[in-house]
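Consider the two complexes below, in which chain A is the common component and chain B and chain C are the respective partners.
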Partner chain A sequence: MKIVACYKIVPDAQDIAVRFDGSLDLERSEWIIGEYDLVAIEAATRLAEVSAGSAVLLSAGGKELTDSKLIKSALSRGAQELYCVVDQAVANADAFQIASVLAQALKKLEYDLVICGEGSSDLYAQQVGPLLGSLAGVTTINAVSKIDIQGNAVIVERTLEREVEVLQLALPAVISVTTDINLPRIPQLKDILAAGKKPVTIWSVSDVGALPPSNVQTVSTRAPSSIERQQVIYEDASEENIKKLALDIKAAR
Partner chain B sequence: MDFKKTEEQELLLESLRTAYQRANLEEYFKACDRDHVFPEKAVAAMVDAGIPSLGIPEEYGGTEVDLLTQVMVAEEAYALGWPSLCWVNYSTEVDDILTFGNKQQQESVLNYALRGIKPFTLGFTEPQAGSDSAAMATTATKRDGKVYINGNKTFNTSADRAPYLLCVARSGINENPYKDFSMYLFPMDRPGISIEKLDKIGNNMCGTFEVYLKDVECDPSDLVGEEGKGFYQLMKNFEIERTTICSANVGMARCAYDEAVRYAGQREQFGKPIGSFQLIQEKIVDMRIKIENMQNMLYRTAWKRDNGQSISIDSSLLKRYTGQAAFSVIDDALQIMGGIGYVNDCRISRLWRDQRVYRIMAGTEEIMVHTAGRALLKEAL
Partner chain C sequence: MNNCKNIWVMSEAAKDYPALCTLARTLCTTEDAKVNALWIGSTNDQAALETAGADRLADIERSEEELFENYSGCAIGTICGDSPDAVLLATSKRMRLLAAQLAAALETRVINDATALVQEEQGLLAEHMVYGGSALRRERVSRAPAVVLVSDSLLLALATDDRATATTTVSERIVSPEGSSGITLQSRKARTVEAVNLASVPCVISVGRGFEKQEDLQLAQQLADCLQAEIGCTRPIAEGMGWMSHERYIGVSGAMLKPELFIAVGLSGQIQHMVGANRARTIIALNNDKNAPIFRQADYGIVGDLYAVLPRLSEALR
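Our next item is the complex of A and B:
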């Protein structure tokens, strides 16, 4: 089976500082692979291993994407090859634009299954996977918590609120996986060394198609404001205290 | 000159940090330290991440990498809080056996090293032969095609867990002791071997033992390297050992520094963070200078060795300097913590107990003067 895993690079959240006006200072943040996308890469790699198939990586973004350490980091996790669409316009693109560019790039690749993370680690809109599937015109499923291969069939599970849905996918398909599907491997030195030798293909947007206009206007990006700790202690879980807690929370909002 | 780590080194260090954080080791190490048990679970996490394979040739299932990268990885682990004398990458043992061992010895030693198991405890120290290694009196006597080992070794690190003893003994073939020592590698479960645990003030997670050898039967093929060249081989071992163990000095100092500086920024007295007092800032600055110096010296020594240059002087300078500098950094870190630093719940107290031995073992800081001092004078002539 031919599998494609999509990933996005994001600023390392650990080092994002909040300025006093609530705006974000990314100066000290290094670019890393989104943590939800590491799960998608791992799912693709494991599936390729059990199906004796192949796993390749696909990403779209600004020129940071071609940083050789980031490329080695991506390829040290088991996939054979990397494709990326690099353009400064894509760096600030919205979810629809990214999904469009990825869908255009997918046309150049052979695939049975595309795996996305459940959302990006920075914006977490959970849009790109479902948009990509519908733009590509293939089966589109999100919230996948398990993937099984039985013969030629791909069976997935979705853990819903009250039930576990078990579905057989009509291929090709684009799925988004949840974080409980696996624990991403830790690359060993031999994987890191091998990653430097794997093929990387870099396209511009015009190589794959064109960037559609954006439908989203970002007005501002602000960290949620925090309030002082109230230091209220409720002695026990009596009916009265619970009511009081609820009232206090409502009053604080 | 390029002080930047390679991308491969940076990614490897990231993998190490991920493995360390995932294993959730802080409370575990505290319990192991309190109960005097070896941190098996932590070692297993590192084995899963492939760390012990660093520096072992590919034909033995490892990943070849320079000594510089090996010491960097070890240093980073100690900086995260890894306990002293428990590191999983047995660079010294691997180097010893690759340099002097025969094919069969290499296979078994490297196989243990690959699994994060200390392959052998080194036996040079004896009750009457500490700094003066030439005073070793353990004998290797040939009889009926066999070799019989008799003597008493002491301060043997991990003699309870290591499958082998690398024993330095007199062969009785030369009056001159320097030309009479030979090294033998044999399993610790051979008849005639008994051990007794020493009760130390620190390094609780790693046991240290006396080893008694009574008519231990060896095969001539248990010889490591050449007969009569044991002393020379021991000196070569020391160059590597003194370099690799110093990654613990740098890493443990960093560990203590990081915690103390964070604390200095938070702890308030007299209405201000204690870090705003210049007496505390002076400590922090001097600690940082020592850390930078130690790190530079460590990396340069490893780099020289990787580039085929002699490190016989460098390894002595490195061991003397980092042993003392790390001790002073950790001591200052404890001072910055105040009373909290002196309780076992604070990690710095463990570092303070454990690091002290690095000024003694593998050659005392006085002996480093003895080895490097003469060589430096000779170099000047």
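Our next item is the complex of A and C:
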């Protein structure tokens, strides 16, 4: 089976600083692969292994995407090849635009199954997978918590709020997987070294098609006001400090 | 988008329709604007839907045994065929999928998890959280139609407003053609959903990956018993480890709380988690790493091993 996993690079939320006026400072944030996209990559790799098929990666983004550390990080997790659509226009594109570009890129690839993460680590719209499937005109499903290959059929479990469905999917298909479908591997040094030798194809938007317009504008992005905290920290767990903390808790109830 | 006079609303649950219709009315820009409700499901709910405040109800009948997604195509065709200015959907996993399919057909993106939605001079303005809850983003629809997934919190805030129920609803039954989703439903089982509402209790203890084994959570339970508190957790405890039900995890993708007292035990205090608790009146932290981010967000904290501190703290509070 030919499988494509999609991932997005995002600023690490841990390093996002809030400026005086409530706006965000992303300058100091390192770019990382979305936490839940690693799950999609892992799912693709495992399926390729059990179906004696192939797993390739697809991502769209700004020039940060081609940072060699990020490329190695992506390819050290089992996939054979990486395809990137790199364009400044994509770096600020919305979910519909991104999905359109990815759908155009998919036309250049052969695939049976495309796997997306549940949501990106920064905006977490949980939309790109379902949009991509719809735009590509193939079977589309989200919330997939288990994937089984039985002969030529793909059987998935889908975990919704109140029920679990077992579904058979006609291929090709685009699926979004839940965050607990697997535990992504931690790449070893040899995987990272090997990743440096794997093929990477870089396209611009015009190589694959064109960026459609966006109908939604971002007006502002601001940190909500935070509540001032007392910041009384007892530095060791002596009997006396535990008693003090117990009093603090009682007073707060 | 300056004109908003044809709005569609949709949910998986009949109970969401009064709030959805109320919200839709606040977005209308003309007196004669129309609010349309679309329903995929059993006709048993028809009476409730007809008093929800819509002008029109389009009812796509589906029996319980059939896959919901086989009717999505019919729903999307009905809505798109009516040239909507806005479509509002109550958030759930099914609706996330349907919203994206609808948006793809309308060539736009989805405005997801909207915690506020208002009509302004320049167009529809929505608010939702980004970067794991570090920030609120405001977005404006510059060209109709808008496809909006409305957050639970916004719907809950609206549910009590019932001025729209005087509206007479005209119903029509739509028969869906054979579905072509490419998906065959093989079986379905109900999930055991724990009936716990962390948002309604005054004191919550949240546990994180500092606990080594599931059995050890009883140490937190003992403290909870002393304080009549409920236990919540970080996402990895519910999803990675599976030690607690999904209903108990707190944060941007889980429960959003505003308790009197929040006690964080063995969790690092990542923004994705804390955004669900940082409106608490008092925050207490217990962690063995004095540099853990949780201490910077706490009123009172103690640096120590939870295995040593929890039993003694429970003792002191008994």
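Keep this in mind: the second predicted complex is superposed on the first by the 227 of 253 C-alpha atoms of A that agree within 3 Å, B and C clash if a C-alpha of one lies under 4 Å from a C-alpha of the other, contacts with A are read in each partner's own complex, and residues count from 1 in each chain.
Convention: a residue touches a chain if its C-beta (ideal position, glycine included) is under 8 Å from a C-beta of that chain, and two chains touch if they have at least 3 such contacts.
Remember, it's a predicted structure, so these values are computed and weren't measured experimentally.
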| item | value |
| --- | --- |
| First, second, both or neither for A:G151, with chain B first and chain C second | neither |
| Comparison of chain B and chain C by chain A residues contacted | C |
| Touched partner set for A:Y124, first chain B, second chain C, both or neither | second |
| Touched partner set for A:V164, first chain B, second chain C, both or neither | second |
| First (chain B), second (chain C), both or neither touched by A:K72 | first |
| Chain A positions touched by chain B in one structure and by chain C in the second | 183 |
| Complex interface listing, chain A residues touching chain C | 11, 13-14, 16, 18, 24, 94-97, 99, 119, 121-127, 129-131, 134-135, 138-143, 155, 159-170, 173, 178-180, 183, 212, 214-224, 226-227, 229-237, 239, 241-243, 245-246, 248-250, 252-253 |
| Contact set on chain A toward chain B in their complex | 68-69, 72-73, 76, 183, 186-190, 192-193, 196 |
| Interfacial residue positions of chain B with respect to chain A in the complex | 7-8, 10-12, 14-15, 18-19, 22, 48-50, 53-54, 63, 65 |
| Chain C residues within the chain A interface of the complex | 67, 69, 92-94, 96-97, 99-101, 103-105, 107-113, 125, 130-132, 134-144, 146, 181-191, 193, 202-203, 227, 235, 239-240, 242, 252-253, 260-261, 263, 270-272, 278-279, 281-285, 290, 295-305, 308-309, 312-313, 316-317 |
